[in-house]
Amino acid sequence: MTSIAPSPPIGKSNPIILELITYTREHFEKHDNLAVDDLLLHRKANQVNWVNLDGLENQDIIEKLQSHFSLHPLLIDDVLSDQRPKVEEFDDYLFLTLKMLHRLDSKTIEYEQISFVLGKDFLITFQEKEGDLFDGFRERIRLDQGRVRKKKADYLMYRLIDIIVENYYNVLDKIGEIMDDIEETVYENPSNKTFNRIQALKKELIFLRKALFPLRDALGKIVKGEFEFVHDENIRFYSDVYDHVIHIIDSLDTYKDLTSGLLDIHINAMNTRMNEVMKVLTVISTIFMPLTFIVGVYGMNFEYMPELHWRYGYFEVWGIMGVVVIGMLIFFRYKKWF
Amino acid sequence: MTSIAPSPPIGKSNPIILELITYTREHFEKHDNLAVDDLLLHRKANQVNWVNLDGLENQDIIEKLQSHFSLHPLLIDDVLSDQRPKVEEFDDYLFLTLKMLHRLDSKTIEYEQISFVLGKDFLITFQEKEGDLFDGFRERIRLDQGRVRKKKADYLMYRLIDIIVENYYNVLDKIGEIMDDIEETVYENPSNKTFNRIQALKKELIFLRKALFPLRDALGKIVKGEFEFVHDENIRFYSDVYDHVIHIIDSLDTYKDLTSGLLDIHINAMNTRMNEVMKVLTVISTIFMPLTFIVGVYGMNFEYMPELHWRYGYFEVWGIMGVVVIGMLIFFRYKKWF
Amino acid sequence: MTSIAPSPPIGKSNPIILELITYTREHFEKHDNLAVDDLLLHRKANQVNWVNLDGLENQDIIEKLQSHFSLHPLLIDDVLSDQRPKVEEFDDYLFLTLKMLHRLDSKTIEYEQISFVLGKDFLITFQEKEGDLFDGFRERIRLDQGRVRKKKADYLMYRLIDIIVENYYNVLDKIGEIMDDIEETVYENPSNKTFNRIQALKKELIFLRKALFPLRDALGKIVKGEFEFVHDENIRFYSDVYDHVIHIIDSLDTYKDLTSGLLDIHINAMNTRMNEVMKVLTVISTIFMPLTFIVGVYGMNFEYMPELHWRYGYFEVWGIMGVVVIGMLIFFRYKKWF
Amino acid sequence: MTSIAPSPPIGKSNPIILELITYTREHFEKHDNLAVDDLLLHRKANQVNWVNLDGLENQDIIEKLQSHFSLHPLLIDDVLSDQRPKVEEFDDYLFLTLKMLHRLDSKTIEYEQISFVLGKDFLITFQEKEGDLFDGFRERIRLDQGRVRKKKADYLMYRLIDIIVENYYNVLDKIGEIMDDIEETVYENPSNKTFNRIQALKKELIFLRKALFPLRDALGKIVKGEFEFVHDENIRFYSDVYDHVIHIIDSLDTYKDLTSGLLDIHINAMNTRMNEVMKVLTVISTIFMPLTFIVGVYGMNFEYMPELHWRYGYFEVWGIMGVVVIGMLIFFRYKKWF
Amino acid sequence: MTSIAPSPPIGKSNPIILELITYTREHFEKHDNLAVDDLLLHRKANQVNWVNLDGLENQDIIEKLQSHFSLHPLLIDDVLSDQRPKVEEFDDYLFLTLKMLHRLDSKTIEYEQISFVLGKDFLITFQEKEGDLFDGFRERIRLDQGRVRKKKADYLMYRLIDIIVENYYNVLDKIGEIMDDIEETVYENPSNKTFNRIQALKKELIFLRKALFPLRDALGKIVKGEFEFVHDENIRFYSDVYDHVIHIIDSLDTYKDLTSGLLDIHINAMNTRMNEVMKVLTVISTIFMPLTFIVGVYGMNFEYMPELHWRYGYFEVWGIMGVVVIGMLIFFRYKKWF
């Protein structure tokens, strides 16, 4: 559960999807369900060629893509193994890898690594699993909505990253809701379950931060204009994503601080309860111990105990015990115990 | 309550205010209650044109402003969504967004995002809601008080930011008062209520810091003279605001440290109380358990118990019990328990 | 008490002192008790002119100084309001503001803001209150002791700062003594009073650090030779003060760490005590509960209880109870409870 | 056990292994079991000469290597004593030292220092002990698998470092497993044993981080191209190892945060238990103290106690006691104690 | 004890030692027991002149050295007062001051300030007290062992610093031993004494770090080649000392982390004990309270209590009590309390 090492190999049963989208301002084509060699025949010069591969366990496809685009062996290693987000420039392309948050239900976040190879006229995206966040966007390209058809591959990459980062905000909102929910319960009902929820949230924040912090650095390099594969006119767009990532990290840090606060509240609630239990115990003991002593005195069997023969001795003892109880209650009131 | 995500969409009922103030040294005009197109007709070259928009839900106004001033789409996105404070230079204007603290009552601080677009001869301010801190200042412009009529739009922006930052000091003073108040009660009466007040304060400090930290960076960039839209002669003014922001952040950090101290004091007070409760319990138990034992002894029904037949047996038992109590008291005094 | 906002306006009753000292190698003059205009007539070109003002509530004096030395309005704002220490260069002078520690008694430190305006041939010092640390030094100037009469105004400023920083060391020594004192008591007598003293000390350290940290940055700028108003030959002197400030900050950090240690010691002592109390309770309960049970048994009124009729039954019960007590004591010894 | 000082001198019984591997694209030779002078005769110009020494206690071998390769005395000092990982350039070679993790069983990690001296045509590796991680790789060189025979000595060094760093991942996986294991037990069975396992893990993480942090800096210098002994074309490979080291450090930091979480969980579990124990005590006391008091009352020996003579007095007392118990249970249910 | 302020003035009784060693490759002279003027007559041009002064309270000697070597007054101030380690370049010499650890016994470390003034052909060392770590080294110079006679004064300074830093390692080893010792006892016997030892160790680490951190910066400046008084060929030696200092600081940080771990272990042990005590109390109370209640029941004096007249009533009560005890024991076993 805490494993940060490379994710387990994906089962063979997972379907592999390979598709090619080529477009210019006037033109749009989409190819899938083709063998890799056939697919690559459809690549067109002077167009944007987006090759998307879902599922990385087919050695053959990877090798053919590698030789077709002359990808560096270390790059392929990085695509196939678990990497921290990073950007790296090669002679003929820019390589960027980051984490996509996937199929989020109320309990778990699944991390999927997505890698981008950005060339002059192509963009390759490698995803670990079938299914992504881009379906709506593919449709927008086809229908020529927005700016994407007027722009080059670097803008396409920006849009995809932007979609992924927007999705982070959903996770953030979810965390915010969980946090509000915990905050409500922690004051009233500081159970172990609440504590474990806080711990789980904290763990989530640690992992999210781990995925986002290096992404900030990678995008920062692009924003500084270090790479020629991203045109100057599009750097402003990357700058926008970069701001979003910083904002998310900021929020994560804020959440982390708030989580510490929640833990403090939980601990305080626990201690308050303990105090209350102790007080009940002490109040009961302090009232009944003297009373039990008093009745014990008159349970003694001495031959000569004058009180035993008094007419109202029994009732006087009740009177004394009443005085003791009232005295104790005044003492507790003075101590502000209730 | 802990949501850091974009604030909820503002209800349609919220009135939208659009106004234009144009002025030079000799001249002052103010227009409001006009349709956006009519309003923009009053824009005058070679004057300072301040367009102020309160309420961002009217798509039409935004679009017309965007096309009139040729504002970048990403800029409009930033205006409309929740952003961390930042500054960004475009070809024809400088964009700055920050948080305004609004309608502060004793319990809650409301954050409102305000965005500035500073051009050669104009300043646009986008506010989320009606009502701002600038009414007094508008009057000062009209009456030609201070330097503002002698200066350009960059000085106008400085003045507005200065007013917002001055308002932060009010919040700071308020926090200082709350802090003093808590400090007084935490020593005497460490209730859960005090604890929750400390937690609420801590949360406030976290959010304030989050709003101010990036503002420092944004103003720092202006102070370094990175942007031509702020004239060199006015940088000293921005430098002054920048110093204030640093001072406020400093104070927030100090408050944060003091809050931790208050929490320590609260916890110590809780523990001290617990100790006291335990001592009472122990003192009572330690005194009455031996006494109850003694009277129990002489409640036994053995046929042959010589003490029972002694003339003063009963009174001697009282004597022994007196000795036990005094011994215990000396023991407790020695242990410095009271 | 925790207010970090600007200090309250100073009462009118506070006497205002304005004085001018002019000197060269051969010459020394001192003027006070004069109206501001008369005083400024005594300013001499090609000499060092030191104008010192104690008390800032006389608007008139401030304004006349401002116009005489053509001081920037923002500078006057900074002099009059609470500022973090900083240095700023203007066209005709250098502005430096810092905190002076004043009239320190064993409990409280009073912060007073002192501002310097250093020109070619003059130095103005603005102090909030009457009375300062410079009396001995004024005498040294008059008597021409040390180097000051041979040097310019920048050396004079260095000497004044040096005196203020030296005074910090006194505060540091005092804190060291308090710390030793607390350390002695915390081990033996961990009372709430000790805890509160530690908290008060911690608060003091937080405020001191807040006053010194920005001073380090300000002096650092002077040491780097950024300002022409401090001659290169005198930078080494500022470098010396700079080292002292770093040393003091270092010591404050060390004290902060030690304070945390003291708190840990206090908490440990509290817990140890709690443990001890609990042990006493447990020992008493564990010894007397079984005994009380035993004597209870023979207090029962069953018709047929053979032991009651035994000749030595009573004494045998005492024997059994002795065995129980000894067994318990052995158990406690084994548990190393005493 | 916590010693960070130089490791103890290695016993003389440890066998010393000295071997030389020379290779080019076409050629491969391996020499061992030779005296140092004889061995060095086999060194070949224009080939890659890899001298590997396991065991550093033979003064003679070291000295002969030193004079043959004219190694700097300080370099030999560094090889022989415990060093933090670092890289240093000399005139004729590059020196790099780092820690190898060795013979890892489930409890302990053994650190072994390995030093590299990289010249134009040679690589010397100094290891403290016999046995290393390179056996499989030697075989790969011999069989001319991979790229190593086509490359120079700097690539050889990269491959060796890469093998060492890959091995770090194994350690990381192991730690991940231990962590999962602890996490499962800490919720259910918070024994002291679990606590000690967490502490041991934390200690391990501290030492691992200490070994890896300076390695990052050292590799970072190589990646920046500071050293001519690593050819530009091979820097990308070092960059890859560098990324791995950063990833491992990231994971260590994440583990450290998770460990703190585990400690919090342990402490919370301890406190929860304590609370439970206290509740049991309080429930028992609160139920039986009043009951014992009641029966005590009717154990008194007063002559005139009317209830004693009532026909159903005894049963009525049982009734009263039943009411008390039920009342207490309702009270506890209300307090949500069970 | 926690004083970080300047050390107290050294008593007059302390003997003052002044000595001069001059040497070249061929020549060696040592002079001591001479008046300062006579001694300085022996200074030889074109040789290395090492003037060593132990004890700083003789004003006369200091002044004569000052005028002979034309030392800056601020430098003399720094020599005489407590300084954080630093390096500073003057026109004719380099000034370096650092802390020497002295006469270490098992409990306390004594800090002594040593200052170096390095000129072209001389090195002055100022020590606060008689006795140093250099005796063996003086003999090595005399006997012309090692490289020192072949080198200049900057190498001499390196050797002295190296000896001082090597001595830090001894302190580090000692701390390592103490740490191991504490670790063994803290698990078994978490007494207050152990706690205090941990606190003392932590304090020591804080002070050591304070002495070493600025030393790192000072040496770093030398290593960067900022000063001409250290020849380029000798910078590698300083670089070696620099690495040692970084290694020591690393180890101190590791020790600090381990110390926190020890504190956690101590606190956990304390809590475990507390838990154990509470369990004993609860077990005893839970067993004997019901029993005492039962025997109380049959101690009542009601006229009509049928059980009292049963033939085996007494024994049946014993039976019931046995069942209660066994039930309780099963309950505790189920709760895993023992």
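Here the chain labels run A, B, C, D and E in written order, and each chain numbers its own residues starting at 1.
Following the convention adopted for this analysis, a contact is a pair of C-beta atoms (placed from the backbone, for glycine too) under 8 Å apart; a residue touches a chain by one contact, two chains touch by 3 or more.
Computed from a predicted model, the values in this text were never measured in an experiment.
Shared contact partners of chain A and chain B are absent.
Rounded to a multiple of 5, the Cα-based rotation taking chain C onto chain E is 70 degrees.
A separation of 26 Å divides the Cα centre of chain B from that of chain C.
Work out the mean CA point of chain B and of chain D, and you get 42 Å between them.
Multi-chain contact residues of chain A (touching two or more other chains) are listed as 274, 278, 281, 285, 289, 292, 296, 299-301, 305. Order of chains around the touching ring, counted from chain A in the direction of chain B, is A, B, C, E, D.
If you check the complex, the residues on chain D that touch chain A are 169, 172-173, 176, 179-180, 183, 187, 236-237, 239-240, 243, 246-247, 250-251, 254-255, 257-258, 261, 264-265, 268, 271-272, 274-275, 278-279, 281-282, 285-286, 289-290, 292-293, 296-297, 299-305, 335, 337. For chain D in complex with chain E, the residues that touch the partner chain are 1-5, 72, 74, 77-78, 83-84, 86, 88, 192, 195-196, 199, 202-203, 206-207, 210, 214, 263, 266-267, 270, 273-274, 276-278, 280-281, 284-285, 288-289, 291-292, 295-296, 298-301, 305, 307-314, 317.
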